[in-house]
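Chains: A, B, C and D, in written order; residue numbering restarts at 1 for each.
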Amino acid sequence: MAPEHPDLVIRNGLLVTASETFHSDLLIRAGKISAVGQGINADGAVEIDARGLLVMPGGIDSHVHLQYPQGPHRVVSSDDWLTGTVAAAHGGTTTVIDFVEALPDQTWMEAFEARLAEAAPQAVIDYGFHMAFNRVDDRSLREVKSIIEAGISSFKIYMAYEGIRLEDDGILRALEQLKACGALPLVHAENHALIRYLTRVHHAAGHTEVRWHPHAHPAAGEAEATYRLLTLAAQLDIPVHIAHVSAAQVVDVMHAFRARGQQVSGEVCPQHLLLTEVLYDQPDELAMRYVMAPPLRSAADNAALWQALHEGLLDCVVTDHCPFTLAQKRGARRTPEFRRMPDGSVQAMEPESPWAERTPSFDQVPGGVPGIETRLPLLYHFGVRTGRLSLPRVVECTSTAVARRFGLYPRKGSLMPGADADLVLLDPERSITLSATTLHQNCDYTPFEGWTVTGWPRMVLSRGEVIVRDGQFIGRPGRGEYLKRAPYAFATHC
Amino acid sequence: MAPEHPDLVIRNGLLVTASETFHSDLLIRAGKISAVGQGINADGAVEIDARGLLVMPGGIDSHVHLQYPQGPHRVVSSDDWLTGTVAAAHGGTTTVIDFVEALPDQTWMEAFEARLAEAAPQAVIDYGFHMAFNRVDDRSLREVKSIIEAGISSFKIYMAYEGIRLEDDGILRALEQLKACGALPLVHAENHALIRYLTRVHHAAGHTEVRWHPHAHPAAGEAEATYRLLTLAAQLDIPVHIAHVSAAQVVDVMHAFRARGQQVSGEVCPQHLLLTEVLYDQPDELAMRYVMAPPLRSAADNAALWQALHEGLLDCVVTDHCPFTLAQKRGARRTPEFRRMPDGSVQAMEPESPWAERTPSFDQVPGGVPGIETRLPLLYHFGVRTGRLSLPRVVECTSTAVARRFGLYPRKGSLMPGADADLVLLDPERSITLSATTLHQNCDYTPFEGWTVTGWPRMVLSRGEVIVRDGQFIGRPGRGEYLKRAPYAFATHC
Amino acid sequence: MAPEHPDLVIRNGLLVTASETFHSDLLIRAGKISAVGQGINADGAVEIDARGLLVMPGGIDSHVHLQYPQGPHRVVSSDDWLTGTVAAAHGGTTTVIDFVEALPDQTWMEAFEARLAEAAPQAVIDYGFHMAFNRVDDRSLREVKSIIEAGISSFKIYMAYEGIRLEDDGILRALEQLKACGALPLVHAENHALIRYLTRVHHAAGHTEVRWHPHAHPAAGEAEATYRLLTLAAQLDIPVHIAHVSAAQVVDVMHAFRARGQQVSGEVCPQHLLLTEVLYDQPDELAMRYVMAPPLRSAADNAALWQALHEGLLDCVVTDHCPFTLAQKRGARRTPEFRRMPDGSVQAMEPESPWAERTPSFDQVPGGVPGIETRLPLLYHFGVRTGRLSLPRVVECTSTAVARRFGLYPRKGSLMPGADADLVLLDPERSITLSATTLHQNCDYTPFEGWTVTGWPRMVLSRGEVIVRDGQFIGRPGRGEYLKRAPYAFATHC
Amino acid sequence: MAPEHPDLVIRNGLLVTASETFHSDLLIRAGKISAVGQGINADGAVEIDARGLLVMPGGIDSHVHLQYPQGPHRVVSSDDWLTGTVAAAHGGTTTVIDFVEALPDQTWMEAFEARLAEAAPQAVIDYGFHMAFNRVDDRSLREVKSIIEAGISSFKIYMAYEGIRLEDDGILRALEQLKACGALPLVHAENHALIRYLTRVHHAAGHTEVRWHPHAHPAAGEAEATYRLLTLAAQLDIPVHIAHVSAAQVVDVMHAFRARGQQVSGEVCPQHLLLTEVLYDQPDELAMRYVMAPPLRSAADNAALWQALHEGLLDCVVTDHCPFTLAQKRGARRTPEFRRMPDGSVQAMEPESPWAERTPSFDQVPGGVPGIETRLPLLYHFGVRTGRLSLPRVVECTSTAVARRFGLYPRKGSLMPGADADLVLLDPERSITLSATTLHQNCDYTPFEGWTVTGWPRMVLSRGEVIVRDGQFIGRPGRGEYLKRAPYAFATHC
């Protein structure tokens, strides 16, 4: 009887770890990496020829929002757990970490269980969760421990956004509890009052078009919130992780605190590395595609973020994938208007009463961009091919450092024996022109429409199973496993 | 007939690379790492049980001075190629890079050949050289290319020290030529005029005791020279490597230039991480042991250097091993007064006419400290055990980053298939009390006399051959090979 | 009939302005400076010989708390308008700016009128007020304009302290209104939540002694609040004034924002220049004397503040005079236990029921120190005589810059024709040993007890009237006038 | 018999000092300011009505080059002591400090006497000298003391320029001697080797046009030299003055050293505040007008210099006036081709053999721009009228701070009694269009050709004598006096 999982040998590839590149074969047994070596002798194994390909640990995207009901209207992000994880796999990501946000009438544990129930039948890659620390009361503080025991070892703190944000005193109590339990705070750092104030000022001036969006979210407010958060964290001597750093001034703040010994890691998104605020200076129908928080910044900020990523002042690259269709952005629907199937076909959804005849005010546009599929190719093309990042650095910031920071290492983020055989075989010479019509994200636009990138996955494996081959998804819904994550470890660069 | 090199399998160790730690076996074949994997099946292989041990790439010490005739009196450092490399091996270092300094009547190539002839019959581990760029003229500029072809891809530039230092215009011409040839400048950055001036001032005041040594080498002068060198290098857009960074102000300068995009790496020595200038405030007989340039600095500098090493603002840890015996320090001999044999026995040397009745003026004391044997244990004990550095970071800064920076990667600095099987099996629980009487360095003092460190090599392999086992050197003189080094590659953190 | 105010000529003094020192006579006519010149011919004028004296504009202390009911228990600071202004005059201060804090049931205008009614019959020097912006609602926002018209052109914003503090959104609305009206925000910058949190933590640990006071008010929290405030102010492009800067990190934050063009001035108190937190490390009975917020900091902070004052990164020196007697500090009385009369005699007050048998918890000790009388002598002795500050710089930061910043210039802060003849004739050689028993402040301790300073006022004039001569106060209660202040002007250094 | 100098009263002006503005009369007696006061009664005095005018201390321009033989070809700057000082007077400058540069065969004293002999019969305003510290040997070190006694209390040190520059060891010996004698170093800070190297590189590439001039003088090289100089000065604890700061990076370096307590002042020129390097990107005939060292920089540098001047990080505004006619710039003459007389008429000069058919290589163009006449109007127009500087700050940085820094205070730089009556009566509403044809500088171009500025002197007095009235010069050649300057005093901001 044939084993369920025959051994696999990947031969002749260039293996890339977070610190090295070397030619070697790689043996997979029972879904795990068993050996790396030259001329591995493996009778009966299936052979994969990776000549000319880069063999890298599968990407870990620790900041995604699938099937996410955002804001007071609970507009649902257009990728569900199936389409979103399929798209991720196409782009070389084999693990995602999404969020649990409890409703007022749910305990955190109930919310987690509901979220897990959504994901389990759909996900095609492994997944975990951060818990949104959206309230500070005796009940929630008590729940921290059981949530960690359930495998959620990091907690999202919002410094902005009505309904979920914490004030400084709440942050302090949350940090105190997280420190006591060894869990990691993950922080959305923007000054809430400033956003509200500027939004009000612009509204009063009749400035409701999307071009005013970045004016309500200045980089200074992001730097301020970061300075404040790090001040509080330093008092409690707890490590923190700063979400979606978008501006040079934020990096400066992080560096100043690091120099004083504070443990702080930071993540950056491809959109903040590659796009600028000039894109808001367009008619709403175009500009609304880039509504997100923090918003796009200047070209100087782009450059500073690349430099910080190169130097290790930023540690992780994530996507903050949070797609809404153009109709959703426009305010015409609460749920997406179509459904993309794993085979790429599109299924029409029920019509929904339109909410809006015209684009809503900039602050009413659902915030977020799609990106779960394009992270690694963009980073390879614009990072490695331009000399901004070394190959090991790309693996470090898309996989190994993320795994380590969020308690998935050594199961994930590694090519070394014992790790899950989550792998990307990247063809460094394959050119792809990015387009919403060919990407697998369930969204009718991409911020990178029409861009050609060189470097694309030829094959993607999850726990030893080939799930994408030559652009075809060949896994099955629900094969992804829930990952219980260990409390954080703060390594050198992450 | 038994093969010369039977296969080796190292089982059950915790393997440590520059980015990861994992339990795995490791297979060595023909002196090279052949595979890492779980349960490696290797018939006929010799087995080594590494249970409880850390298996790390052998250390690379890119800054040592063996059999080095220093200064105008050509006082010879007390470790020759045999004793020095034996001591290195005991401490877990399997590769050294030393220096070639041509005499006025030698071409660089002649000097290299002479140096190679010294090393070849003695060295017990592999070795390479940096060339001292001690003159800028048509002949030397022409020689750069052939020196690189001979395997020397980095050039030492001294900004201080009569006879070997270059002025700014010489530095510019040297950097220009090195950039054209793809070679790396390695710079001793101190302001020469300031040292000379302060020495003269202190002499005039009757301040000749060693306690005045640091006053003639202020940190500000080191920072100034670094600022100047980086200014010049930035104009030519050439990467540089700063030798033995000793002060916080120097790190600040390096960071400022990095933030503007300059490629600069830096090295730090254990003595600058662990000792302070308070040691000069002793009678000459004690204080002279710490005469080196740059000198020891303050405790605040120590802390800043650890932080910089942790963050990646410094890249490599080296020793600047340059031992002189107390009699040499005292000025009583040109050559060391005894010879330590590989078996640890000591052979008396011919007497030499004493030069001095008393300690010479601080600027006449031969500069340098022994340290080739103690780097890894000190870094493990004071870095890893105190939480200042992760284990992978120790491997990165003592081996992988050094290999990469100086053109030895992937042959050296790696545990991955294809690399030379240069390995340290470190016992993390073995405690050793450091003492000149038990260390193998040919020097009658160590700056760390009496310190107990926990973490010491249990076994050291060079190209698959066990050369140190349980504190016994079992290799043979001359087994070390000369390493031709490739032109530099500037990776993320080094 | 003799005129009420005969002309006065002050001859032979060394006149000191904010930028110059020169020998000249000075003519006073009708309470105003009429001329400065050599050999002024003034028939019938009273002559004052200032040979050997420095003739300076009278000091302006823009941060004092007289008869101030502090906190929820409304413990009243021990200097009333009579004793406080008499003490100020003795020390060379001829103008004070105090605060109006409306009670919940008062309008701001009612509170101002009540405060004016307290001051008018007592004050012996001129005075003005800042309005505490202690609530943000339609009524208070509407009142801003009429308050400014009443002569109060600066508003105190507390970022900490229950009951009076504003949250970020309140600060933004307040700043918006102040900008619209041309008034200046004066900000107490500390992170409120952090103080509360740390106080709670220390209480929980049984740490209630005064030695824990600085631990609840870390410099980092002051720097954070300053960073936040400047971020918000920069968005609205409104100048701000930072009260009682106590730490190097705060100066760094201010400098960073100045370099980006933000208009920000800052004040520092003698206690933060001269005393350190080591004083808290004493038994409560001694340590409680130094309870204030921000607290005393380190010697390194002292040095940084002097340097910043020298360079112009700080602009004004004020006292934050807020005296409480030892019984009040101890919690035994709400009002001071004695009354010092203008002639120096002491009148016993009615007994009051003690509240406490022992020193209260550190956060219950009334906060503040006496200092209204010692500002100029301390600054002269420790600033000018040590070379830290020039004489003109002392005049600038104690008088001219303060006048300019707070809308009193050119009536106050000047020796030039047209200015009020508020003058100090300082004897640079007169030595005084500071002691609560000889100072005129109505407080039974001084933080500078037993210190001998050289440099003390020989004569003080207010609007041409000699009110202090050779240590005797010769004015009369109620002679001080209320000063209507103009909206701010932001000059080069203030 | 009428006195030679009748008393003068200037009535109704707005007097401006370095710290204040106030309406007052001003009495002049025997060439000195005698009194400032309201309604000064001065029988027999000549009255001047200054209603609507600003009455300011005459400008002091401490960096000019009149009749200056520059470089190896000794091309003579086109303003002699007559035309140069007449032009200065027109622009409101009543004191200049020029330079003495000894020839190889002259002692410094001989060179001073020769220079004095040139100036004495021509100068129409008072003047002093800096001595070029262009050699370090026993003779020159010995001469320092007698040069100071002759009234030269500041010494120029060139870090660049063949023939006059000092190396680091020379700088140290010079600084040591200057400190011993209490004299001030005034430093041209550029890295010499870098200029030479880059010039050679550009020549080798055929880049000889003027557009390459700034590429040979990068801001980084100016910052480097400043960092080095300040490092050396800090070791000797001697104050220094940095000449013509042109770039933001230099200001950053100065600030960093100030924060550590180093006394350093800096000057900036109008051309570096107002013009940018874009001007080099023109045909040589136009671009050569802007050849100077340091060269013009970026608009961002302009902004940073204004900010630094506002904040006090820069202290003085000077012109570095060093005019060459277009024919001289072109290389066609050694001496200027025409002579402008005090009455404005032009006298033709003897023809001179042309040296060049075409513009010389950028490094052969005589360096310098005219500006002695336009400093105050440019600063008033672009500083005060735009809100970048207050009026007192303009007086401080063009007069009072300069006087103080260079030992002329209180004789110069002041409106206070006892000071020389050197005055400018500036009409803040008078508009002038700048043009070489109407300015009095002996140069056939101005870098500000065609610019209209509002604010121009209506009257200029030197020692109580009106020398310019309504655009007419009415003084006489040779009336200027040589000023013996006292050793430096380092005041708060200068």
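By definition in this document, contacts are C-beta pairs under 8 Å (C-beta built on N, C-alpha and C of every residue); 3 or more make two chains touch, one makes a residue touch a chain.
Not measured: the values here are computed from a predicted model.
Undergrad: Which other chains touch chain A while also touching chain B?
TA: The shared contacts of chain A and chain B amount to nothing, since no chain touches both.
Undergrad: Distance between chain B and chain D based on Cα centroids, please, to the nearest Å.
TA: 53
Undergrad: Taking the mean of the CA coordinates per chain, how far is chain C from chain D in Å?
TA: 41
Undergrad: Once you find the CA centre of chain A and the CA centre of chain D, what distance in Å lies between them?
TA: Those two chain centres are 59 Å apart.
Undergrad: Where in chain C do residues touch two or more other chains at once?
TA: If we look for residues of chain C contacting two or more partner chains, we find none.
Undergrad: Quick one: label the inter-chain contact graph as line, ring, star, complete or other.
TA: Contact map by chain: ring.
Undergrad: Could you list each pair of chains that touch, in label order?
TA: Result of the pairwise touch check is A-B, A-C, B-D, C-D.
Undergrad: Would you pull the chain B residues touching chain D in the complex into a rising list?
TA: Result: residues 167-169, 171-173, 176, 191-194, 196-198, 218, 220-221, 223-224, 227-228, 231-232, 234-235 of chain B touch chain D.
Undergrad: Please name which positions on chain C make contact with chain D in the complex.
TA: Against chain D, chain C makes touches at 15, 17-25, 27, 34-40, 255, 258-259, 261, 307, 310-313, 389-390, 392-393, 396, 400, 409-410, 414, 416-419, 491-493.
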